[in-house]
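In the two complexes below, chain A is the common chain; its partner is chain B in one and chain C in the other.
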Partner chain A sequence: MDEYQVIESKSPVFYDKYERKAELQHQTHYCPGCGHGVVHKLIAEAIADMGVQDRTILVTPVGCSVFAYYYFDMGNVQAAHGRAPAVATAVKRSNPESIVIGYQGDGDLAAIGTAEIVHAANRGEKITIFFVNNAIYGMTGGQLAPTTLVGQFSTTSPWGRRPSNEGYPLRMAELLATLEAPVYIERVALCDNKNIMKARKAVRKALELQRDGAGFSFIEILSPCPTIWKMTPQEARKWIEEKMLAVFPLGVFRDRKLAPMADGVPQTTVTKLLGLDKPLEVVTRPMAVKDSQPDLTVKIAGFGGQGVLLLGQILAEMGMREGREVSWLPSYGPEMRSGSAHCHVCLSKERVGSPVIEHPDVLIAMNEPSLHKFSKMVEAHGTILYNNHKLPAGLPPCEAKIYCVPASEIADGLGTTKATNMVMLGALLELTHTLPRETALALLKAKVRNVKLLDVDCQAIDAGMACLRKQLGSSTDAHAHDGELAPCS
Partner chain B sequence: MRQLCKGNVAIVKGALLAGCRSYYGYPITPASEIAEAAAEYMPQVGGTFLQAESEVAAINMVYGAASAGLRVMTASSGPGISLMQEGISYLAGSELPCVIVDVVRGGPGLGNIAPEQSDYFALVKGGGHGNYKNIVVAPASVQEMADLTRLAFELADRYRNPAVVLTDGFIGQMMEPLELQAVESVQPEKPWAVKGTRETRKNLIASIYLEPDELEAHVRKLEEKYKKAAEVESRHELYRAEDPEVLLVGYGITSRVLRSVVDMMRKEGVRAGLFRPITLWPFPAEALRHAARRAQMVLVVEMSTGQMVEDVRLTLDGRVDVEFYGRTGGNVPMADEVCKELTERMGMTAEWGV
Partner chain C sequence: MAQARGKVTIDTEECKGCGVCVDACPPKCLELLPGLNPYGVHPARYTGMNCSGCGICFYVCPEPGAITVYRLIAPKVAQPPMEGSHAATL
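Right after this comes the complex of A and B.
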């Protein structure tokens, strides 16, 4: 196979030989008179002059310019149709020292990729977008683009663009200029040499701004597509001047500096962040959990705001600190919005199977609807703790034993309804004897920073324990901490 | 040390220990805590968190960061995963490693936010266009959310391919003890990455091969890679499966229900065992054939109308009766319910408290 060299003098930013088949290696894949070639030259020239070839990364679109990487001797990332601004966003954020160029056609940028360009611009990504507007889909053979002119024929607007059907041409430069973050937005045209020189300056300025870390820059380039427009290159240039300029006026739509923005996130290490540098606080256990202690499953249900989920979490965390396997499964989503909440807690000596409890040992019903809804599910030997002093009328018979613990009332008496869940925790500790009170206190101490609140929580736990102890009466033995509770704090 | 941790949060913790410092995503229940944890953690350790304008943008940002050779992740649920499929195909085609988490919710359409396992087809079988595979791991506990996320990053890099953590709303939302090793992963060199440096200037990230022969060569190369991964990377777990007459097969949250089922059936004198795929692709086919070799019946249980069961049937190829039981809509099959199904299908009678 013959080796071909590109003969004309060309920018060092272009490869000497293009990655194309044999006889095509010396020429681009663009049609004669195509604007893409001109834009490529302007970019290559600016990059060469700025001396930033090594650190420039080109993000290419899907469209006629998909093969731009054949030519540009620089880092190349080929993006999905319309997504170059999203890809470029992360390329730049991952390589903050680099100069990242997004190169897009009008279908790519103004149709399928509208969201990506608007948001990249709005975030003020420190990238440069070159938007080649040729008012048509070139690569796919001449379909309507969002920038196709009214009355302009395309293969998918066979009667010309009709605003009644396709709306009006989209002006991206103007649209993006409504945003706060972009620093430079200009529309240029490749209609004659004078305007090409203007385009050259705009391209250069956009890249220089990026080099200097200024912010998001966007150059829209009205560009000829003689092939699809079915014109000679000369006619095509003329058509830009005569038709496109009326719809897409040239000019600078934005040119300003942004005030410096503080980032202000405190820095740390992963080890510290994940708490891996601290051992778990040791729990004193005057009343050690015996191995013979049975596993425990608890369902807690009530209104949102009653501390249902938190009570479950505390229970699970206590279990964990006592060396058990535990799981906590909450209700989530819209159910919570309707005001009800429930969670399932399993404490087990062995790996927890399903975290969904069919038949809990204990149901803590924080309100009447929960009692009605879940009482039948409780194990025959199980227990229900109900947040009230008496059972509601019409409760269907169930085999579980029910204790009324007026937790909200007790909590109110202590000065805050918020402690309702802690009263219930106390009652549960008294009922099950599975977990020691001290563990609960140690845990709360670690979690609740407000001393007053902590005190109320401790009192609530004790009140809950006392309330249940009264009801259990002589049926349970007086146990270790009866009458000699350690002080709360 | 042990800490009580939410499944979704454990994913981010595992990712941090894997050296991931880049997160691009879009909120969706029941996966949002992953984005929230990443938003909190990533910037504090010099990383990047960005809430994208859509899942489409998010997956393409993942593509951008992966191009730069960074360990990068995103997370979503059903509808968002559907939007990401084009991007996932590009990632696979361009051989870019990354981790994608799907906290599966009920579908199709908007469905609901309750847990399901109905995205198996979408992620294990491809979902995007073209000849590619995702590596897919399926955690069954909070601990595994962290551990398998870490593994996913390693496998993704090893095979230069997207890796998926396929989990569900329950594992994502639940809390369990989590134990983390304070050692960060060593990351491999990525000489192919585009970093905006002299050394990487000639690098190209792309999935386009216009010539049929070139594309075929590329696809064959991917195929070879997948063959190799299939040989060595499948993982599974067995529970009381030495001599099963009935082999239960389930992954993720379902496998935990099935553990209880195994114990309950054994109490009834039925030799039941559990086979849990940990990797869904590569599917642990060889191990499953071995585990099922003496079984009279295999029962696959999923929170779907039957997706993984197709792989089980293909694997066992008619050698044994493969039954299926599925729940959908966010209903998690209860142990009692599965025992009843199982005994009925075995022609036994037993009392289960359903």
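Right after this comes the complex of A and C.
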């Protein structure tokens, strides 16, 4: 009796049964003569031989090979159309010890996912991409792909691909080989025995490079699609040889070692970056807000860069610290500076129904246009704080009381116009007495890291309070404030 | 005719009858069955002659487990027992 040894058989990297459907669990879903199965086997063999099955993660695409995760017994992630390189990037970076494989077709990689593959390659992600190029959209029924040959018929190029209308076939291997970072790029074909064995070698080499931490590797595999090409499997292999090779020449386009790149990223933790490593200030909120404290709605308007939005945020956060329900609603243009900006702040004992304020109790107008634009909106019993010495000429009469607080000038005198908003905050605190000055100082201490600036901010608040107190004192004694203010720090 | 150095078994349930292996086999020792399998295709089979055990059919076949290739183990030449050979098993 002759004795035999098994030399080729199903790889242990494949599942015994494919649980995609109740029936046909012993077959892949690919058409007879499809190239995907061959590529699957080459990958599986290499993974098994390298002994890395338990740390390999396959990122599958959208397209015919979308179901690869039913076949490969290893980590599987199914990515959105074209995004396999982006997903693979995340998987690899978070699991550097893993072997991460992106498996993509030409519709997935070269059409919808062009950006992802180019940038993953350019970043030199330490992943391996297997690009199965069959020059057509297979799963969706034969539409033109970026890799479709000139003259090739497809459902969306019924007269054949014309460069004048659809452009030329995209050569991804060559395109990626113009980049600096990739370490290995090769194009192989599944057209005959010899070339399949070459593909086997290329697949193996790419994976070994990744195992050794070399960098980005990319294997383009010209693969038959007999069904869509409307050919027998044998004709399809011939077609690759006769037609595709002329457009997609085989060969190694990149094979080099990268000098280890210096990691320029300073080593720190997110916690440290965000300054969360220091003990957090514990803010104790009052159990309930005193009923006597009225609700307050404030509209702050001015140019971008005047601290309009920040002032609103500080006000809202002060309110939170005082146990109020608050809202802050910003409105600004795309400009970072000098566009108009305004925000609405509500401080309330009840939950805030709408953060939009139609008639604010207080309008802080940081410039003249804002005063003109919004003065009429203010409640009849309301107040306007205007950032200037005197009111502009031609201001239509309004019922609200207007105080002129030359905040920019005061801040300038303190050393920086950046503190304009803090002068206004001081004036507002003096005006309303709903929020204590100490809360503002405590908040600023937590927010402003620059000690000098913090000092200026504190002075600005006091200056704003003093400025308004003077005016209130001359008009009414109601809000007169006795005694000296406590020092800032 | 020289004795076949290998043999091939093909899972007729997994084979989709694409015929790529038949075409690719260097010694041409595979063929498509005239009959249909339960899925309505002519599966491939080994003719039983001339297989060299090269394994090409396995690599060209798109199905992971349809083809298994065997190679004949060369018959052992009877050797006189070497002294102390048992030591190697320790």
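As a convention for this text, the second predicted complex is superposed on the first by the 281 of 489 C-alpha atoms of A that agree within 3 Å, B and C clash if a C-alpha of one lies under 4 Å from a C-alpha of the other, contacts with A are read in each partner's own complex, and residues count from 1 in each chain.
Following the convention adopted for this analysis, contacts are C-beta pairs under 8 Å (C-beta built on N, C-alpha and C of every residue); 3 or more make two chains touch, one makes a residue touch a chain.
Keep in mind that this is a model prediction, so the values were computed, not measured.
A.B. asks: Check whether A:T269 is in contact with chain B, with chain C, with both or with neither, and answer first, second, both or neither.
C.D. replies: After superposition on chain A, A:T269 lies in contact with chain B alone.
A.B. asks: After lining up the shared chain so the two structures overlap, which partner does A:S11 touch, if you call chain B first and chain C second: first, second, both or neither?
C.D. replies: second
A.B. asks: Now for A:N388: first (chain B), second (chain C), both, or neither, which partner does it touch?
C.D. replies: neither
A.B. asks: Should A:T140 be classified as contacting the first partner (chain B), the second (chain C), both, or neither?
C.D. replies: neither
A.B. asks: Who does A:S348 touch here: chain B (first), chain C (second), both, or neither?
C.D. replies: Once the two structures are laid over each other on A, A:S348 reaches no partner at all.
A.B. asks: Of the partners chain B and chain C, which touch A:T28 in the superposed model: first, second, both, neither?
C.D. replies: Once the two structures are laid over each other on A, A:T28 reaches chain C alone.
A.B. asks: Of the two partner chains, chain B (first) and chain C (second), which one does A:V326 touch, if any: first, second, both, or neither?
C.D. replies: After superposition on chain A, A:V326 lies in contact with chain B alone.
A.B. asks: Once the structures are superposed on A, label A:T417 by its partner contacts, choosing first (chain B), second (chain C), both or neither.
C.D. replies: neither
A.B. asks: Which of the residues in chain C end up touching chain A in this complex?
C.D. replies: 6-7, 11, 13-14, 16-20, 23-24, 26, 39, 41, 53, 55-56, 58-65, 67-73, 75
A.B. asks: Within the complex, which stretch of chain A touches chain B?
C.D. replies: Chain A residues touching chain B: 53-57, 59, 66, 69, 73-80, 83, 86-91, 93-95, 97-100, 115-116, 118-119, 265-271, 273-280, 313, 316-317, 320, 325-330, 332-334, 351-356, 358-359.
A.B. asks: Contact residues on chain A for chain C in the complex?
C.D. replies: Residues of chain A touching chain C: 2-11, 14, 24, 26-28, 30-38, 40-42, 44, 71, 192-193, 196-197, 200, 226, 232-234, 237.
A.B. asks: Using the touch definition up top, name the residues of chain B that touch chain A in the complex.
C.D. replies: Going by the criterion above, the answer is residues 1-4, 13, 16-17, 22, 24, 29-30, 41, 43-46, 48, 50, 52-54, 56-58, 60-65, 67-70, 72, 86-87, 90, 94, 112-114, 169-170, 173-177, 180, 182, 184, 194-198, 200-208, 253, 256-257, 259-260, 263, 332, 334-336, 353.
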